[in-house]
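The structure is given below, and queries will be raised subsequently.
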Amino acid sequence: MKKPEFEPAEAILSGETSDIYFARAIEILRHEGLNPVATMEFFSGRRGVLCGMEEVRALLERVLPGDNREVWALAEGESIDDREVVLRITAPYQSYGLFETPIDGILSHCSGWATAARECVDAARGIPVISFGARHVHPSVVGVMEYAAIVGGCIGCASIIGAKLVGIEPTGTMPHALIIIMGDTVKAILAFDKYMPAGVPRTALVDTFKDEAEESLRVAEALGERLNGVRLDTPGERGRVTVDLVKEVRARLDLAGFKHVRIFVTGGLTLERITQFVESGAPVDGFGVGSYISGAKPIDFTADLHEIEGKPVAKRGRIPGITPNTRLKRMM
Amino acid sequence: MKKPEFEPAEAILSGETSDIYFARAIEILRHEGLNPVATMEFFSGRRGVLCGMEEVRALLERVLPGDNREVWALAEGESIDDREVVLRITAPYQSYGLFETPIDGILSHCSGWATAARECVDAARGIPVISFGARHVHPSVVGVMEYAAIVGGCIGCASIIGAKLVGIEPTGTMPHALIIIMGDTVKAILAFDKYMPAGVPRTALVDTFKDEAEESLRVAEALGERLNGVRLDTPGERGRVTVDLVKEVRARLDLAGFKHVRIFVTGGLTLERITQFVESGAPVDGFGVGSYISGAKPIDFTADLHEIEGKPVAKRGRIPGITPNTRLKRMM
Amino acid sequence: MKKPEFEPAEAILSGETSDIYFARAIEILRHEGLNPVATMEFFSGRRGVLCGMEEVRALLERVLPGDNREVWALAEGESIDDREVVLRITAPYQSYGLFETPIDGILSHCSGWATAARECVDAARGIPVISFGARHVHPSVVGVMEYAAIVGGCIGCASIIGAKLVGIEPTGTMPHALIIIMGDTVKAILAFDKYMPAGVPRTALVDTFKDEAEESLRVAEALGERLNGVRLDTPGERGRVTVDLVKEVRARLDLAGFKHVRIFVTGGLTLERITQFVESGAPVDGFGVGSYISGAKPIDFTADLHEIEGKPVAKRGRIPGITPNTRLKRMM
Amino acid sequence: MKKPEFEPAEAILSGETSDIYFARAIEILRHEGLNPVATMEFFSGRRGVLCGMEEVRALLERVLPGDNREVWALAEGESIDDREVVLRITAPYQSYGLFETPIDGILSHCSGWATAARECVDAARGIPVISFGARHVHPSVVGVMEYAAIVGGCIGCASIIGAKLVGIEPTGTMPHALIIIMGDTVKAILAFDKYMPAGVPRTALVDTFKDEAEESLRVAEALGERLNGVRLDTPGERGRVTVDLVKEVRARLDLAGFKHVRIFVTGGLTLERITQFVESGAPVDGFGVGSYISGAKPIDFTADLHEIEGKPVAKRGRIPGITPNTRLKRMM
Amino acid sequence: MKKPEFEPAEAILSGETSDIYFARAIEILRHEGLNPVATMEFFSGRRGVLCGMEEVRALLERVLPGDNREVWALAEGESIDDREVVLRITAPYQSYGLFETPIDGILSHCSGWATAARECVDAARGIPVISFGARHVHPSVVGVMEYAAIVGGCIGCASIIGAKLVGIEPTGTMPHALIIIMGDTVKAILAFDKYMPAGVPRTALVDTFKDEAEESLRVAEALGERLNGVRLDTPGERGRVTVDLVKEVRARLDLAGFKHVRIFVTGGLTLERITQFVESGAPVDGFGVGSYISGAKPIDFTADLHEIEGKPVAKRGRIPGITPNTRLKRMM
Amino acid sequence: MKKPEFEPAEAILSGETSDIYFARAIEILRHEGLNPVATMEFFSGRRGVLCGMEEVRALLERVLPGDNREVWALAEGESIDDREVVLRITAPYQSYGLFETPIDGILSHCSGWATAARECVDAARGIPVISFGARHVHPSVVGVMEYAAIVGGCIGCASIIGAKLVGIEPTGTMPHALIIIMGDTVKAILAFDKYMPAGVPRTALVDTFKDEAEESLRVAEALGERLNGVRLDTPGERGRVTVDLVKEVRARLDLAGFKHVRIFVTGGLTLERITQFVESGAPVDGFGVGSYISGAKPIDFTADLHEIEGKPVAKRGRIPGITPNTRLKRMM
């Protein structure tokens, strides 16, 4: 994975994505001629994996003054504790006060996705996990969502924009639509094999028309050594993919001499179900996780002023002064 | 609220935000010379409020052929049932197959937000609800999130971009940061009153330094008739805003002759807490809801082919042929 | 259903199936020359459906004296309440005291089965239920178990001995073994059609090798009008038969013009699952219930002496004298 | 315990206790001239204690051909795992296919009883357990039920037929009926002592008319050294036998010099109650367990073909080919 | 029941039973010369039955000035709501400020007892309830506890001091100790009958040595018409008094012609158990309730100043000014 | 703490606080001339801390004969087990039989309080606990309740009578009433400081009018070194004292140089809340516990005769003879 180049959008820089009261506060402070050097800290609302800090860095690079600034932060992908300070900005307030909303938003949303991905990866205990959830989020955030999933430990993603952002090839098989239009899974995988570049792995989706075990044997017989794997995606109406189905497909493929064919499991995967596959020893070669990651609840981040011109302050409910956190590193 | 103008982004139109396998399917079908008129249906994963259909319409307008197409849909903001078909597209498959991912994504994410907003609005039983959750989502979706909240029934939102999208004024008070920098709530509300245009309501945030009841009386005495309201935002460290606090602040304001001052409640509001305020008769004049709406789980939408060239088809687990739904209206 | 002829086995009449202490008690009483006219009552341990009374009657006919006896009872198949007296015997104690064990046993075991059957029949709300559980009980009780299921409301059973007992034809399709040996479901149903008498309904078991929906269409095409129905028996490893599967198979059969083909559901059925099928409107034409009925817990019955030579008595914990129950009818 | 001689009943050998579809399958296969050597495996539906295998062996001895057969099995009384294969038959299918129902039934019912008995015995941690449940099952299975209880670890049983089957003396005290007819517990135990052979232990049932502690002292005084024990069987209406009652009766007997008198507990015993007696140190000398054992749910067993003429096969949901289980021993 | 004469103890009037800080506050105010007319309100911590107000009235009569005072209150025995104001004192603060502790204490403890009693009386639906709990509380409060139980609806009590306070005869049978010393229940009831005045009802305690049913018949035969009733008090070690025991004792007494003998139930009674007796129709003639009433948790009462010299005031968390409650009546 | 002098009240000695049936039993025994030496044991109804034994000793000293008596007991403050015998009296029954009620009552009520106090002290793990619950109990038992709390481990109490009983100074700050009358917390603490003797610690109650953190700083600035501590007593209407509030007040006091000021927490404390403060490391210097201790449920004690003139006896349900307990010490 390469480090992505984040470029703040014009709508962010202009303050349009911020809450109106920040714009008003800046305007009032300008009228009053108040622009103190202020220290703002951002802390998390629960434990998880930090993500979005690289995008925040790109934003701060654009708005903070060249000097008279100091930014300390945790790094992308680090584990964070409940209520841990992950970012501390010291600079003239007017330079960054407007951006409290988008900084919170980037960290909240991205850390929510990365945390859910990390949970799946941990549950999978070494079996690769791929992010498959682009279709559950607005296309405007598909890229950052997939990026966050990869920060959280996924080894790949299905969306083109997500893969591009981190410099990898997107991962995918074929849609049910292709098989339905071609009328048969074997025909579809043969066409796939015929037209797709050599580097693209041949993985057949095997639950469209026939029983998964039967279809797996049919595509294996059709493609032989060239078949990379089968993807089991049994719909909820048929009880989803079960531990026993994976074991049976593996056994039937092996019995027929197709030990090289890998088995990928998708469809409504949750932590509980991944754990169940792993603990019962189901021979899964990869999990494709959708809404558990892409629909993860954001981790709320909160920002507070803790010093004004070097003097400890805080609103009611918070401790005045810098919050000690030796894990923070100087970022800018 | 005006009807927003949605303009599909280039990344969507180019297929970049789609999953790779759709791009591959289209390529294979082109090689094979297959482009049948196909009917695809999109159905919801649970009950809720439909949102995103206007943005989907804008996308379909750009990609479907001028004739040889027929699109039926439910309207923005309609209630939808579990597993209800909300959109049915009949057109040559190659024209729209690539966009299954973003269509699903727009409907999923927006309907999730609108549904959560509707729940809050229903729980509030007539007390206005404002969307305050911009800081929990990535800035790229702040606009659509606030739009969805308003479709769900919120009367306003705090972000500038959200308000702009629906042609209203953004709603907001002042950040804690302003009060901390100015050192006193009364000073801050006086400055706000001095510099802000006449049309902007004067609402003071009253939990920064002093007890909320005491501070409410201080700002009321300072601004008198010009004070629109106070916003109670007691942090979790102090037990959040309680029913009793609202009643007491109301009683103390009334006793001091400030019956015109309204009380707004924010901070960690959930359905349970809104219901508690409403059922115990707390005199709240408005709720500002954050992560309950903006962090709502997307409603998963699923797309299926049900007819190819007029012939009923379906993958295993689904019923072949058009799914009857008399609520659908012709959209294109 | 005809009334079965019950004939007490020699092991019962000889007292061998009784607990030893009854044999000893009779011996002691004989030595003491005590043989009072005693009234014994049998009451149930919970609510349910009474079964076994006909077999008990046959036993009493053999052991009670021709006169100096009076037996009151509820009838086979009646609903009984918790702790309701269902049988009252007044006769010289030595004539029947030895048979407390088998009378209790017959009523307990049979009423347990009949009660479970009645629960399924009630849950099925008019959809026929067939008893399929012979393989979960010892062959010595297969006949009485199926008889009890029919007393409870089942319209048929699969075992030969059970059907014979009540004078009906046994019900059944074909075992998986036949299909496996013949290698294909269509071949098996064609052979079945070829060799079985005209009166035997042609019902195909459709989950052996292929997807149930696909196989259903195949057998329907093979037998056409002669096909009576399909039996869905999806194993637990594949998520059992689901509501959606039934709906889909129905839809696909109808679409292909096989509206006459009926759908039978079997495999791990419980009250909860039957209710789920019924309440969600799944188009089931019959349920085959196994261990829920045949493995039902017996209803414990208890016997107590309540009068000795017309004088009210009772052990501690019981009320002396005849327990009033106007529902009892004179049986002997 | 001697090894019982099981003799298959005519109704079993004739196929009458089987489900009709097996008879039909055999008939079809005969018409088709198909009689392949087939391997059938039987596996359990949950963990437990295997019982019924000796009876199954007697059946197979009668129906399998003298050669061209191979049977592997676990032994009577062995612990079995969930879904463990306990029996594997390889022989011409027509010779045994008809008996799938009774083989399943014998194993299911007997293993259910033996498993429940084992649970009680384990809970009793060395205190003897006796099977007392004949009156909760149909007399046709009283013998095999008691046999299974003894396989599960019970040291005795109350029914004559059960004891005979395993070559032991049946165990029992006296019925409440005897005491009620004789009018007094002391009179009853004196008569028992007078007429019963010397080898029969004198154990008095002490809850019929008087408080158990009082009655225990009365019978101890009446029989002195000849009294073996007392049986506490307090009815549910009086709160059943409690831990404290046992301790008090023990203390009162000891205080009066009757330390040799043993205390047996019966009446509605379950695992929970046995455990409670044991863990609280109640001085119980024996438990008599009824419906917990005799009314135990059968363990469902399932049969599957796994090889036809040496070729691995299986229905959907099962793994083709022999299931490895090194614990199986060659039985025939 | 007569209205008791409450006389405040010297320790209360001297302030010794108050918390020290009230004494200090009064001293400081004296030094400062501050003695404003202040209005203090007392409100309850949960719903219940008010008790203790008569004793509070007696205290206030002693400490408030003859004029310049106004006291409003709810009456002894009234139902009170959660957080309802039950007492409002307006007088010079120094006259009563010291007594906040004992006023709270009297109302809290007495209302706790009266509320528990009312719950029992409601659950008993017309069957008399007697307070039997003197032995669970310190003898210093036995009198007020029994008084409160009677305010809550009990028709009598067992302690001499409690009965004296309300001018009734105490209720009671005989202790187990008497029976144990006399060695037999019949002897004890005969002695009771011999020496006790004619007006004292003859009620025998029947669980000391023998089974309750047996003993009930023995005492009924001994006293005949003179026997008022039997008291069942089965200890926990024997499963407490059960519904079935009451029914059986009633039946056996009736059968023997003792229909006039009443049945009283005592021993660990709770709301749940009383309800169970009542709902199952057990023929109970009276319940004796101990620790459920006497060990009831006090209802916390809280006192607040709401006006000083006619000006509304309140501490944080409370509403300034008089709390409207139209149910209050002028008491002084 | 000094050992208190307990003096039995006349109402106790006269038998007025006893249940009537004991008085009647004594009268009957006198008539019968029965006064055997009897051994009575008192055992507890659950685990806890024994309290009240000193008061019981004082009572027994007054009523037992000078010789012909033997009393064994556990000591005040010892831990006791469920159903453990804590007191054994051997003496002529008529001398003490009347006092079963008050002995039970003293032990029950006092042990209930002491046990609850011990639980709080254990939960506080070294942080001092003060008993503050006088206002939840009747003033007649305030003294013994506070005494029991101190026996349970509290280091002080607020009531004057309680402190006097054990020879310590009562502990307390100031009531809200004083602050409300004086109109300001700072004024109140200054007056307190002016008039109170030097030895009384200056502790300010800081939640009456202003935010606790703000008020803490104000009183600290007003009194400086003379301020002993602040007491946080936030009402339930404001969410009670939270862990975060304590940490913030500590931080703000420290930041302002008032490290010597201690923090006391009161208001609705329970075991759960004390544990939460302790486990989250909140810097609490003392807990003031009210109704958790003073409203604790009494521990039921039960008395039984176990020997009459040296002969083991017991009522049904109890073991005859002396119950062995080597922990008992000879008391009289």
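Residue numbering begins at 1 within each chain, and the chains themselves are lettered A, B, C, D, E and F in the order written.
In this text, a residue touches a chain if its C-beta (ideal position, glycine included) is under 8 Å from a C-beta of that chain, and two chains touch if they have at least 3 such contacts.
Bear in mind that the values here come from a model prediction, so they are computed numbers and not experimental data.
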_If you apply the touch rule, which chains end up adjacent to both chain B and chain C?_
A, E
*Which is the least count of steps on a path of touching chains running from chain A to chain E?*
2
_Please identify the chain with the largest separation between its CA centroid and the CA centroid of chain D._
B
*asked:* Taking each chain's centre as the mean of its C-alpha atoms, which one ends up farthest from the centre of chain A?
replied: E
_So which of C-E, E-F or A-C matches B-C, with over half of the contact pairs the same residue numbers?_
C-E
*asked:* Counting residue numbers used by both copies over all numbers at the interface, does the chain D-chain E contact come out same (over half shared) or different (under half)?
replied: same
*Averaging only over C-alpha atoms, locate the centres of chain C and chain D and give their separation in whole Å.*
22
*Euclidean distance of C-alpha centroids - chain B vs chain E, Å*: 57
*Could you put a whole-Å number on the gap between the CA centroids of chain B and chain D?*
64
*Sequence positions of chain E contacting 2 or more other chains*: 209-211, 234, 236-238, 244-245, 248, 314, 316-318
*If each chain is a dot and touching chains are joined, what shape do you get: line, ring, star, complete or other?*
other
*All pairs of touching chains, please: list them by chain label.*
A-B, A-C, A-D, A-F, B-C, B-E, B-F, C-D, C-E, D-E, D-F, E-F
*Quick one: which bits of chain D touch chain E in the complex? Just the residue numbers, please.*
209-211, 214, 234, 236-240, 242, 244-245, 248
*asked:* Applying the document's contact rule, which stretches of chain A touch chain B when the two form their complex?
replied: 9, 11-12, 15-25, 27-29, 31-32, 34, 36, 38, 40, 52, 93, 97, 100-102, 104-106, 108-110, 112, 132, 134-144, 158-161, 163-164, 170-182, 188, 191-192, 194-196, 200, 207-210, 234-238, 290-291, 294-295, 297-298, 300-301, 304-305, 308, 313-318
_chain C residues touching chain E - in the complex, by the definition given at the top_ = 312, 316-321
*Which of the residues in chain B end up touching chain E in this complex?*
211, 213, 244, 247-248, 251-252, 255
